């Protein structure tokens, strides 16, 4: 009775590496591991350049998740963990990264990562992750000037979206697109509570709504909550979004519309920003020592 | 918003005009009179007698709720780091102060003076402090100590304290307006105020008739002038007309509802943002709210013995929200017997803690005393974001199933 | 007279068929996304079990979250009213009924089949079946195993999050702290028992107390609730069918339906 | 006879209760989630109210001869009445002090209200509260306040958790037990090693009742350099005059001590005080530690935050229920400290 025929929330895990970087002559090799509540990323940088990374689901044990992600990142390279000079752990499980030399919060790491990935003109970073959303203001060096996090409610988080993906039986990767395919933008749902999502969605479907409309109504409600967070901190250009939900076009589009500001679109995986930041901070720490 | 499904009042256009004129005048035609923001429980007679033009942010809050503007206004405040858990009247008002783009009628006029009276809640102190900071307007706080006594009587020292502050208020207003308060004018205003209040009491009493000539939304809407125009000629005039109409309804046994099968009492502030939709769920069962604790809150008759300042002090300290749970139980039980009802519905109002904290106990005790069942519904008087029609309907259905 | 009750829950749909006051068939199916269809199929199956056809049905009453979705039902009542009616039939001495479904928990005070008072978990209390289901998923155990595990624990772990989703991550940190699984399970049961008990207290719950709804299959929960309330708890046979039974009983007694819509 | 009387807010005059022969103890919320209070209080009331009532309903406060409230916020006002209904035989009183502390009539009113409270105690317990007893109690409590202030002046030697323990123990033990700094910190060893790298923060809020935040601050190597809690520095910042009429003196203290947001003395006195705390103690930032659903503090947050912003003092808002969730709180605090140390 409990088994779903398919796990719709499951997004793909993968790894990547730069084919043409010779790490053997490098001055410094650093890594960042972001053990999030939902996903874990490991990023390896060689002299401050992206060398390899992996993106995996976080399991029930943080140390294992960290190890698995790192192994996965290094899998197709000939680099071994013991050749990495300095590792910084971040994310919810940051203190549980067994091979990390230091830890840093994901707030500092996303700030630094966004600064590196999008450039020094970024001033506002929105990290939409598995368990919370963070609105971060940063300076030209990628340092945190101010930040805000959402309240202790799972509504409007990545985990919440996964629950809804399962509920409506739509693959999470397609959720955003599907939610945009509506004739008319519906009213946002009255409560985005994940726990009560099913009764809410059932009620709507019973009223003759289509799945797309329900998705749209959810995405809109979520965008609304996140927009409130951003308005609270006061949004400044340039604005970028990191974290897994940045891949959900349904939420991003609605958020942009509500804020009247367009987020810079990345040409890389938004989920790795935190780990990239961690690897950069690792480099800085190593340099300073 | 859904339509009302029960009889319209002939005086409705008159009411509409009266209120429109009030807000228009506040905005454009106050003719150089200073504008004071006052709380619903402030001794407005003194303000009027000094030719100051009072406006009521709370009433305006209700208007914003009814017009569906509250949520947007609240969001402005929330973006300015006000917590979404604060009273939505106050929150929307704070939103309006910094940005009036969502505010109906272009927002309230800027206050020259602020007068807050704590007899309804602690929120109004903080709200008016925020206004004072924003507008740099002088703030007068009338501190009316809460009454925990079972008999609802304030202590002698509380009355003396309030009376002393009233004298201070007069001095403060005289200084601000550079006018002298005329005792005659104060008495005349108090008389007009008394008259309207007493007519309003009569209107409410008419609803003891079976079938009731009015349903709760009528009471809510028709209460507005008592709050905003108390002490004016127009106000008394309106209630005379209203009383006449209701008297006639009662004489001809005209019912507010198509068919009155159940009679209920309402507790707490109206659910402004879904006024008809919400109350229609009861109309579906033929259930009429024949009376309520909220609009009765302004049916206090002025205590006219002795010195008027003392009478004011006593009356304004004794308003129902400044009274203990025991007094609220007593009043509720009294309504239940006098209006011969089948049950009561309590709106647990997230916005309004003084009105809502204690409701569970009030409900239990009142049911024990009267045998009448009570339903608690959680919502908010003006922020629609915590209103969920589906759940609320299920609660109402269960309650009505039990009333048979 | 043949009557039927259909309880269209968030998670499961239940049908009970009565011949006068005798249960002659009952069926449970997953509600899925088409409550109406689920209801149809449960009803068809139950009728088949009883070797009856639609035409034999004198009356049908619906209850549950999807109660308004059945055109074939003559009327509908809420689960709370239906529970009271069923308990009066099964255990007339019961004064308080606690009904915990997938997403909603309710407590009601009753006498002679009438609801005297009731309370439902407010949005966000998350004190319902889904809370345990989420925990089960995180712990990678089945609901049945959960229930058994809870009884083995002795410990003192507590969960503080109200939100089911966040309680999940609390559970993860408890796992990291090497808290034995049984203890975590017990903490999860205690957490929702506490919330459910406060509902019962809100209606002034008096003995005897009955627990119904799907969660009453869970002995770990019954134990937690009994401990929290300090009272014995009656669990009727087939606790998840109580709502449907109540509806079926009300179908046979049209007077009781006055006022229902 | 039971000899303790519980109270819920520091505006309750401890000296009077003490002079009547009782030990006044602050009722503090516990860390167990409430299960009984929800039958009386809505989910949108603060956890302080809910947890305190819950403990009483669970029978954990049965050793109290009475419970005294002070008029502060709307929730407390309702709670006092609920308490009275739940325990009809208990002595439950509210001292309805003035809200407008700047009113020229507030002192006179408060004195009368305190005398009413004295009379209520005397009548209910059949005791006499003499002027001499009041004077003696005032002296004892002043001694304790001075001892705490003295401890405070040396708090750099102690960790945040120790600070928390000292303050919370003080308000539930007999006042005579704390007469100087040493007795205030008995069982607390000085334990500060790597002092120099520490970031200093000022904490602001209603009360602090469980040590998650202090523990996190210790773990992360931050220091509490000042606070603005009811059960922190606001408790001892003003003494009662030992001369003159004792009731008048007690009233005078209530009107002059650092204000809580339920009271009004001047429009911006809280902001001014906060800025002074930050500057005098050279704090790096401010952490607002607020209870969810606490209206008065939520109302004061925007103006206080604005005042800090104007001075470019970083601040962080934590909104907690009964127990601060360790993970979430830690990320916020850690990120905040990272921000302060980078800056």
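A, B, C and D are the chain letters, set down in written order, and residue numbers restart from 1 in every chain.
Convention: a residue touches a chain if its C-beta (ideal position, glycine included) is under 8 Å from a C-beta of that chain, and two chains touch if they have at least 3 such contacts.
This structure is a prediction, so every number in the text was calculated from the model and none was measured.
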Selected pair, greater C-beta contact count between A-D and A-B: A-D
Chain centre separation (chain A, chain B; CA means) in Å: 48
Centre-of-Cα separation between chain D and chain A, whole angstrom: 40
Computed distance of Cα centres, chain D from chain B, in Å: 34
Centre-of-Cα separation between chain D and chain C, whole angstrom: 44
Chain C: positions in contact with at least two other chains: 65, 122-124, 161, 166, 169, 202, 204
Residue numbers of chain A (touch at least two other chains): 92, 152, 191, 199
Shared interface positions of chain D, touching two or more other chains: 39, 319, 325, 327
Arrangement of touching chains [line / ring / star / complete / other]: complete
Parts of chain B lying in touch with chain C, wherever the complex brings them together: 284-285, 360, 364, 367, 373, 376, 378, 388, 391, 394-395, 397-398, 400-404
Residue ranges of chain A touching chain D (in the complex, touch as defined): 92, 104-108, 132, 143-147, 149, 151-152
Touch list for chain C against partner chain B, complex: 65, 77-78, 80-81, 114-120, 122-123, 202, 204, 256, 258-261
Parts of chain A lying in touch with chain C, wherever the complex brings them together: 1-2, 37, 60-62, 92, 96, 131, 152-154, 157, 159-160, 163, 191, 193-196, 198-199, 202, 205-206
Chain A-facing residues of chain B, complex: 75, 78-81, 385, 387-390
